[in-house]
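To keep things simple, chains are lettered A, B and C as they appear, and every chain counts its residues starting from 1.
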Amino acid sequence: MKRIGIFIECKNGRLKDAVGGVVTAARCDGGELYALLLEDGGDDGRAALESWGVHTIVDIRGENGPLPYHPSRWAGALARTIRHFDLEALVGLSSLLGKNLLARVAAELDAPLVLDCTAIDAARHTAVKTLYSGKTRATLQTKGAVHLYGIRPNAVAPRSSPSRANRTAYSVALPDDPIRLREIQRSADSGVDLTEADTIIAGGRGMAGPEAFKLLEDCARPLGAAVGASRVAVDSGWVPHRMQVGQTGKTVTPKVYLAAGISGSVQHFAGMKTAGLVIAVNKDPKAAIIQKCDYFVVADLFDIIPALTEQLNKISSKAQAMR
Amino acid sequence: MNIFVCVKHVPDTAARIDVKARCRIDENITFIMNPYDENALEEAVRLKKVTPEATVIAVTVGGAAAQETLRAALAMGADEAVLLETRSPLDSIQTAGALAEAIRRRGPADIVFTGKAAIDSEGFQTMFRLAAHLGLPAASNVVSFGLDQERAVVTCEMEAGDREVLEMPLPCVIGAAKSLNQPSYPTLPAILKARKKEIHTTVLEALDLPAAAGHVACLDMTPVVDARTPVELKGTFEEIAMEIIHLLRREAKVLP
Amino acid sequence: MNKQYDAIIIGAGVIGCPIAYELTKMGRKTLNVDKLADAGEGSTAASCAIVRAHYSTEDGVAIAYEGFKYWLEWEKYLGYVKDEKGLAKYMNTGSILLKSQGHDWRKVQKHYDAVGVRYEEWDLNKIKEMVPVYDLHEFWPVKRPEDPEFFNEPTRFLEGALFCPEGGYMSDPALSAHNIMRAAEAKGAEFIFNAEVVEIRSRDNQVVGITLKDGTQIDAPIVVNVAGPHSYKINQMAAGVFEECNIKTKALRHEVMYCPSPQGYDYLKDGYHTSDGDIGCYYRPEVGNMFLIGSEDPECDPQEWVDPDLFYAAQLPYGRGNELTMEQWRAQTYRCARRVTGMQIPNQPRGVCDLYDCSDDWIPIYDKSAMKGFYMAIGSSGNQYKNAPVAGLMMAELIDACEKGLDHDKTPFPFKLPHLGRTIDTGFFSRNREINYDSSFSVNG
């Protein structure tokens, strides 16, 4: 039996939405799944984990109770848990937190790690991920005593595989850590850099002025997206140059590029042509971008964008209400 | 003070990537210094400017062509440049081991800056492995750095714009994010001066480093083809919004 | 029944649109066909859109100076048409031509005097006063950074400059083509896009129309080749046309760089378009306070002649394809950095790589052809953007004269420049001329 550990991320006292996909990805023939929790997964956490096939739930604690979040101490706790339960793999989310923790664990164990996987085979120790800013797709194989994988959020759809899970607590004794966590600063904005954003929503001539960019910000918030602009918006003084996407602005490589009221000149396209999914909203059916996108809507962005924001907020508050 | 900066010679984001042999790309394209390493180098040079008797040492593991990136580092203010030369593709574990050895030989390190990830391999882990080799604390995705009584105080970006503020003793390893600073690029006189500087080169294989227990190998690599055939979304505004959300969820997978 | 027009213009770039505009104003029903999605999206979009008057021939100077009038009064030229995308703006920075061994500036000055171009002579002190960041040493001859002599300490100074207060650039070129299209449409012209020409149909050596890739046939007794870098391919589609031209056109690869302005220098606000033959570059301000640095194709730089279809399909290797090369990035930015003190050079190349439609002597071909009704406005060689409105008028009048029976080859059409009042012998642009060795054989024209 292969013992496969899964680091379960939580948020606001519940399992994170993307966890189901991670557990599903970790499942394989002959695999025994150990869900590792450093925080409270909530009342329905256990049921959810069992629905995805977890066999053992491990509540990792410190010597005096729950371990408060601390990047290297949490990583140390996970490393010790792996050793203690003789796990041959650790699978987690390739979120910012997951990337941080998995890399620290891998370094401590001197074990191979592949992050941002879109698929893994825990039995064969293979993982698929993109390289070169999404321009190639590679199949990698890990060799070693312990294998670590970070799954790209939402890359794997959760599939149920009902099981019953034992629950056990594991107390770790961690040495003094040179890193001191001074504070955590919460922020309302995603604050993500345009060139690093996974999702970008950009406005062009159709925005007709600076005020309309507030609409884009409202839409960007539930998406965790960055807001960009075409040259026209910058030349007209509606937004600063640092928001410009294009030949004389920034080159971006997001997974999603939502172009609102952008005609899609060749100079603009030069800045975002490697985007994964391009969705265009434009009143003009002859706008050049409609030839160059994946999906388009011939409609007024002032109708579509608020409608999208409303639906996004509904989903996000529905999720909140379920907590 | 020895300020080390680990840099990587990588393909330009604008370069066309052609897969040649199994897992190798056609390298007859534009290569540049990994953009995050530029931020790392900039922070190192700024630290040197306010520290008496500080030296910035740029280190890289790579082919002979990586000298170009070291020259760029020298032009941007590094004092010394070290190349561990190898033709073999290395994984993160091997790279970290090599960098650690280079630092030990030139050392001792008072602080190590590097980019949080390389834009080609996107592994996000080499700096942590390097820190483990050197027995140093590390923090990545750093958007602000300062020294407070010989301790590094860094702000690291977390999910949804949240940030954690960490404090570490020196020596430590810092993984630079884009918003850490705005790199200051060299003028022509600085570029010229850098051309004349010596790059200290050692063949990696000659160091005879012990083989690591763990390894990541590439089995196969294919290009991602992006041919777009536009599809129109129709319906009421609400239906179209739901359709877009469906696409974000199912196709782009940016929503749960 | 095929659709019928008085004239079909192949290409809706910055030269194709004014030809339609002028022909339409003369009463002809025109159709522009372009294989891209919108006006000016081809090589026009990559143009540096420089407006300057210095050319190596007097006629060249005259035509360029005539052109100024149109850019300076852009709204008026467009007939005050509204364009939903806004209007392109003429940025009147003024134009500095540094006196160097790279330009026969004395010849230029002679032409200025003959044509009546307004200019001032600046000595070194004057240049220093107006542009404190320029290092006015002489760096000639132009070298590549790989050449160990590149970084030699200069010992001499330039002689000064000729300054034209009326020069500058258009922001942005693709938009300017779009504006002209709207102006032409307001007069009745039609445009279709995503329409690739695959056949030029003729009967008894008279053009009868075109066929598009999707099979659509459109008829016209006049067809004008304004296809930019694809011009030779279009000429090859018209029986006998390509072979009969003595001057041929080919697509030449060209890289233009964007480099940030030195700290503390607001190039966008305070800077001048500058022709700097001493270092083989020309430069002008670009959005984001950057220097747009173009090359004058000095002899030490390799020239890559390419197939435009392979180029635009990204099927050519490094150095011949549509990506910037590190070698040329360094060449152009380092050269400019010799002149502009404090210029900081990023590690990552930034700019545009596109094609010139280059003639054998870098002078355009504005002419009829061996086939009746088939005309060409090609070979712009990177130096005709500024002449677009004038070229539009000249071609329309030339076409009109030929259609009314003028034997243009025997007695070239005399074209009167409306503002300058000067007459141009259009034989100068003949497809059958001998190579004109007065030409600078460069983007300077």
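Note that contacts are C-beta pairs under 8 Å (C-beta built on N, C-alpha and C of every residue); 3 or more make two chains touch, one makes a residue touch a chain.
In this text, all values refer to a predicted model and were calculated from it rather than measured experimentally.
Colleague: Tell me which chain's centre, taken as the mean of its C-alpha atoms, is farthest from subunit A.
Modeller: The most remote chain is C.
Colleague: Using CA atoms only, can you tell me which chain is the most central one in this structure?
Modeller: Per-chain C-alpha centroids ranked by distance to the global centroid put B first.
Colleague: Which chain pair shows the largest tally of C-beta contacts?
Modeller: A-B
Colleague: Distance between subunit A and subunit B based on Cα centroids, please, to the nearest Å.
Modeller: Measuring from centre to centre gives 21 Å for this pair.
Colleague: Taking each chain's centre as the mean position of its Cα atoms, how many Å separate subunit B from subunit C?
Modeller: Using C-alpha averages as centres, the distance is 42 Å.
Colleague: Averaged over CA atoms, how far is the centre of subunit A from the centre of subunit C? Could you give it in whole Å?
Modeller: Once rounded, the distance between the two centres reads 47 Å.
Colleague: Listing for subunit A: what residues touch at least two other chains?
Modeller: 291-292 - these are the residues of subunit A that touch more than one other chain.
Colleague: At least two other chains touched by the same residue of subunit B: list those residues.
Modeller: Within subunit B, residues 13-14 contact more than one other chain.
Colleague: When you check subunit C against every other chain, which residues touch at least two of them?
Modeller: Answer for subunit C, listing residues that touch two or more other chains: there are none.
Colleague: Looking at the complex, which residues from subunit C come into contact with subunit A?
Modeller: 36-38, 41, 45, 84-86, 171-172, 174, 193-194, 258, 286-288, 290, 352
Colleague: Note which residues of subunit A are touching subunit C in the complex, please.
Modeller: Touch list, subunit A to subunit C: 205, 231-232, 234-236, 241, 244, 247-249, 263-267, 270, 286, 288, 291-292.
Colleague: State the interface residues of subunit B toward subunit C in the complex, per the touch definition above.
Modeller: 12-16, 28-33, 35, 38, 68, 72, 184-188, 191-192, 195
Colleague: In their shared complex, at which residues does subunit A touch subunit B?
Modeller: 17-18, 71-72, 95-97, 99-100, 102-104, 106-108, 110-116, 126, 129-146, 152-155, 177-193, 195-196, 198-199, 223-224, 251, 253, 255-256, 258, 274, 276-279, 290-299, 303-304, 307-308, 310-312, 315
Colleague: Considering only the defined contacts, which subunit B positions touch subunit A in the complex?
Modeller: For subunit B paired with subunit A, touching residues are 11, 13-14, 17, 19, 23, 25, 91-93, 96, 119-125, 128-129, 131-132, 137-141, 153, 155-169, 172, 178-179, 212-224, 226, 228-234, 237-238, 240-242, 244-245, 247-249, 251-256.
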